[in-house]
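By letter and in written order, the chains are A, B, C and D; residue numbering begins at 1 in each of them.
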Amino acid sequence: MSVQLKTGRNELFTDPDPDNARAFFRTKSRELKSKISNAEEVVRTMLKDGDYIGIGGFGANRIPTAILHEIVRQKKKNLALAGHTATHDFQILVGGECIDRCDVAYIIGLEARGLSPNARRAVQSGKIKLTEWTNASLSWRLKAAAMGLSFMPTRNILGTTTFEYSAAKEIECPFTGKKFAALPALYPDFAAIHVHECDIFGNARVYGASVSDQDLAKASKRVVLTTERLITNDEIRQNPESTFIPFWCVDAVIEVPYGSYPGNMPYEYFSDEAYIKEWLAAEKDPEEFKKFMDKQIYGTKDFYEYLELNGGIKKIQKLRAQELLIDTEIGGKK
Amino acid sequence: MSVQLKTGRNELFTDPDPDNARAFFRTKSRELKSKISNAEEVVRTMLKDGDYIGIGGFGANRIPTAILHEIVRQKKKNLALAGHTATHDFQILVGGECIDRCDVAYIIGLEARGLSPNARRAVQSGKIKLTEWTNASLSWRLKAAAMGLSFMPTRNILGTTTFEYSAAKEIECPFTGKKFAALPALYPDFAAIHVHECDIFGNARVYGASVSDQDLAKASKRVVLTTERLITNDEIRQNPESTFIPFWCVDAVIEVPYGSYPGNMPYEYFSDEAYIKEWLAAEKDPEEFKKFMDKQIYGTKDFYEYLELNGGIKKIQKLRAQELLIDTEIGGKK
Amino acid sequence: MADFNSMELMICIAARNLEDGATVVVGTGAPCATAMLAQKTHSPNLCIMFEAGGVAPLLPSMPISVGDSRTFHKAIMASSMPEIMETCQRGMVDYTFLGGAQIDMYGNINSTMIGDDHSKPKVRFPGSGGANDLASLCWRTMMMTPQDSKRFTSKCDFITSPGYLQGGNSRYEAGLPLGTGPYRIITNMAIMGFDEESKRMKVLSINPGYSRKDVQDNCGFELLWADKIENTDPPHENELRILREEVDPFRYIIGR
Amino acid sequence: MADFNSMELMICIAARNLEDGATVVVGTGAPCATAMLAQKTHSPNLCIMFEAGGVAPLLPSMPISVGDSRTFHKAIMASSMPEIMETCQRGMVDYTFLGGAQIDMYGNINSTMIGDDHSKPKVRFPGSGGANDLASLCWRTMMMTPQDSKRFTSKCDFITSPGYLQGGNSRYEAGLPLGTGPYRIITNMAIMGFDEESKRMKVLSINPGYSRKDVQDNCGFELLWADKIENTDPPHENELRILREEVDPFRYIIGR
């Protein structure tokens, strides 16, 4: 096949050059030192207006809510987002009017829960610049970066309008002559990932589906972990095969128990579906939604106040029973 | 940079075409059925003369000795090997005159233990056709196959004689114009991997450094696991994040306790350095070595007889104490 | 004949296509219900995968998200998105199910937008998610959808996920893996496949209560017709019972 | 001045180059001893990695293999070969140490073969292993080797691992990562670096007991010389004590 090779027409929001990325990584600390911080400090010092960000987990599963809220509270502007099955995380950031560019795989929807009216309005208004991708494409763009490359050859998105509005390029395989998509490496400026356990150095463990978080942690220039609980470095060293993210990827560590609320945290607590429904309902009317955001995010000092506002530990107990399929009725249901 | 792109001059032993690989994988069973077998049966039915094979572990660490020996006993011929830090495994296969082609990263040496005289003689005689690679190159060639691709772009081997005697090609990055090596995907015909635990379906766990075994299991057309011990499928399902190799990669499962002997098995037993030294000494004289092979491999019926010949469980107890740094002297050493 | 609604009909018919020992990647909703029904009827060994990483769970209930804890409840593996997608790309996944706002005669699907200006769409949908990837990389793509002539369109406003593109050999020529593509489109009215040569949508079977005319009238392009058009075997009692009692007892899906 | 052999000298000098908080990939033998010595003297936070996957172990003794259990004993991570190599390729690894049978004036190293027929070498060595990868991808490559004019050759029979290739900018032009390359060559006689422009090997410091003439006479190519040649600071008492008592008490390496 010696055909004309195509190029996606939309904007590439990040620099895929691996030597530029290496120049940054060369300066990144590899010290085994304490990285304990808090959300206010992290968002103030580690994230600039205009930065490109990636969010761990999967929309409303294992998400770093404390960081997402703090980005809104601090009114960060003109951020770009890797919209890799972005659901509740996208909702929060669009609610705060924080983003103006997005690499889209999946946005404005909340899977089986329906669509976000506010996010949809924002996207349809043209206020957010979109480049189209897919879930695998964003995964592989992060993997290319995690591997220190500038692109990854793949066999998806070819032939579609998705390709046309992406920033990918077609290439020919030097061995078979077959056509591949070349997906540009994605090196985010900043990533926030919620994990089950980590030590003060940032050696972290994650349980359940890991989505793309291992590659996200490696590909990103600055990384903050929020964690359900801190563990000792001794514990990390007892099972070195369980380390999901190593310390050198991590710049800050924050202990945030129940930190994925209102999202699901595998083996810990289920998502608060009633709350998410309430949020979706509030979004229907812009005035209502403003009040809702004021109360939930701008009006709360931090994640602890926010959690308390929404039922605190008692609520978490219920969600925990739901997650573990434990019947907590007195005497059982039957 | 618009320079002439180079191509390695040596032979590519395997087909990197992902559609040919997919056509095979389409026919591979995905059934959750028992795959219990034995070494004699597996080597007789799953491996043909001329096949390209990959061996799990790292030379003398976590190696599938029972399968390696059985390949020698059944006098398989003209095999090609992925020589990815091949040490004791290479020694065994060359001792049995089973291989005539090798993708080389590291051969004929045994790391800190010195060089294998017999393997060196065989290679220097020109009897084994060599194409040059590196450890990362073979890892990434397997990863390209595991990902269902025909090549992986990388930044190693460029500019060297290693590249010149490889079967790699130079390509230009479509985004940066930079030169990369394109490494052809490696889809072996057959792979044998020794694991710590697996169920009868082939869902397996590995502890310690995993080398390239996850990609090897995915990339290979036919895969046999030998395992220190069988576990139940229930146990697999209790920690789904610990599954290292899923059942659909696996065609046969053999329980072989102490199956990496004389190699090291992480957390189980250390390598038998005295035995490996004896092997190296025997290799110095071809007549001596023939006798050694007769006694150790051709003269033993299976791995159990071989292990018994070399000290059996009592020997393993010693190696286990060494592995776990346990002082087993009566009353302790001091 | 048992009484059933069109969602129940589509799920029961779709489930029959999933043979025992096959692999399938599903999303939430009807596709997941379909896979569960197949598992509980003729395919106990069907391996269900979710794109966030869950593999072969013992599903205690219908997931809300393809990444929630149910998708790896007592699973064989809780892996990652690249792991699942690479397994598809390697050719180890047999089936997937997609949805969409528009589909054309070559099985190309739109789940991105309506309108002609990408930067200011008339209506924006979530986008591909994993749909393009699964449509590109799994062996056989299926769709369950109510049929009308707006949805079955002569031209998608946006091709999110590839069917046979412009038909003929164009899918493979675009670089997509050999031998992949749309397999069955299951609507309330009929079951469609695709012509071997032209790759155009072809009616194979008509569902109870509908006519040839209904099927063509509710399609925005000209359908091909198999030499022999079957009458769709309607849902069996045991399929409906299992679907209603075991798969979706709260009627989240079949109550829609 | 303390008494020491040349292996002890080379290890002590090499260890001084590994600053606290750096990352280094090492093999078995002298490189591992060097990293351990650095850790036990001025760089407690040196992160030692092994190419089979071990990261930051608490090494109970010298490994026999870069994949044996010692390399991930109480480690931070027991990962994989691609994991380590990709960390190097991403620019997160500062140092590595290589060995070889030949080295030329640009720091190119041969560990593959002697002779001119690849298919029938006069002498075959193990080959690259991970050497080419580490030399390509880590920021700074070092070598410890006894010096003689056969080993320090005007032309390697085979370039297994890249130094500065043909000098000047040729390394980057070949596609290798910007800013990487050989950093220090530490021999029994001297410490060499590389000229900024020409990338030719340049003597920086001469070891106790050797002269300029010794250094040049035992080198098969013309060496460059720094403007000011230092006298190598010989091993200190505490370096030797720790090396002998804690790092290599059985003299596996330093007894060679």
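Here is the rule we go by: a residue touches a chain if its C-beta (ideal position, glycine included) is under 8 Å from a C-beta of that chain, and two chains touch if they have at least 3 such contacts.
What you see is a predicted model; the values in this text were computed from it and never measured.
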Graph distance between chain C and chain D, where chains that touch are linked
2
State the pair with the higher C-beta contact count; candidates are A-D and A-C.
A-C
Between chain B and chain C, tell me the centre distance in angstrom, where each centre is the average of that chain's C-alpha atoms.
40
Distance-wise, how many Å sit between the C-alpha centres of chain A and chain C, to the nearest whole number?
28
Chain centres from averaged Cα atoms put chain A and chain B apart, in whole Å, by 37
Where chain B touches two or more other chains, by residue:
18-19, 148-149, 154-155, 178, 180, 207-208, 210, 240-241
In chain D, the residues touching two or more other chains are 54, 72, 78-79, 89, 137, 177
For this assembly, give the contact graph shape among line, ring, star, complete and other.
other
Every touching chain pair, please?
A-B, A-C, A-D, B-C, B-D
Tell me, which parts of chain B touch chain D in their complex?
1, 3, 10, 57-62, 83, 85, 87, 104-109, 111-113, 115, 120, 123-126, 129-130, 132-137, 139-140, 143, 154-162, 165, 170, 178-181, 207-215, 264, 266-267, 270-271, 273, 323, 325
Provide the residue numbers of chain D that touch chain A in the complex, in ascending order.
20-23, 45, 47, 54-58, 72, 74-79, 86-92, 94, 137, 139, 177-179
So in the complex, the part of chain A that touches chain D is made up of which residues?
18-19, 21-26, 28-33, 145-149, 203, 218, 236-238, 240-241, 243, 246-248
So in the complex, the part of chain B that touches chain A is made up of which residues?
12, 16-19, 148-155, 169, 171, 173-176, 178, 180, 182, 184, 206-208, 210, 240-241
Enumerate the contact residues on chain D facing chain B in the complex.
27-29, 50-54, 60, 63-69, 71-72, 78-82, 85, 89, 108, 112, 118-133, 136-137, 156, 158-162, 165, 170-171, 173-177, 252
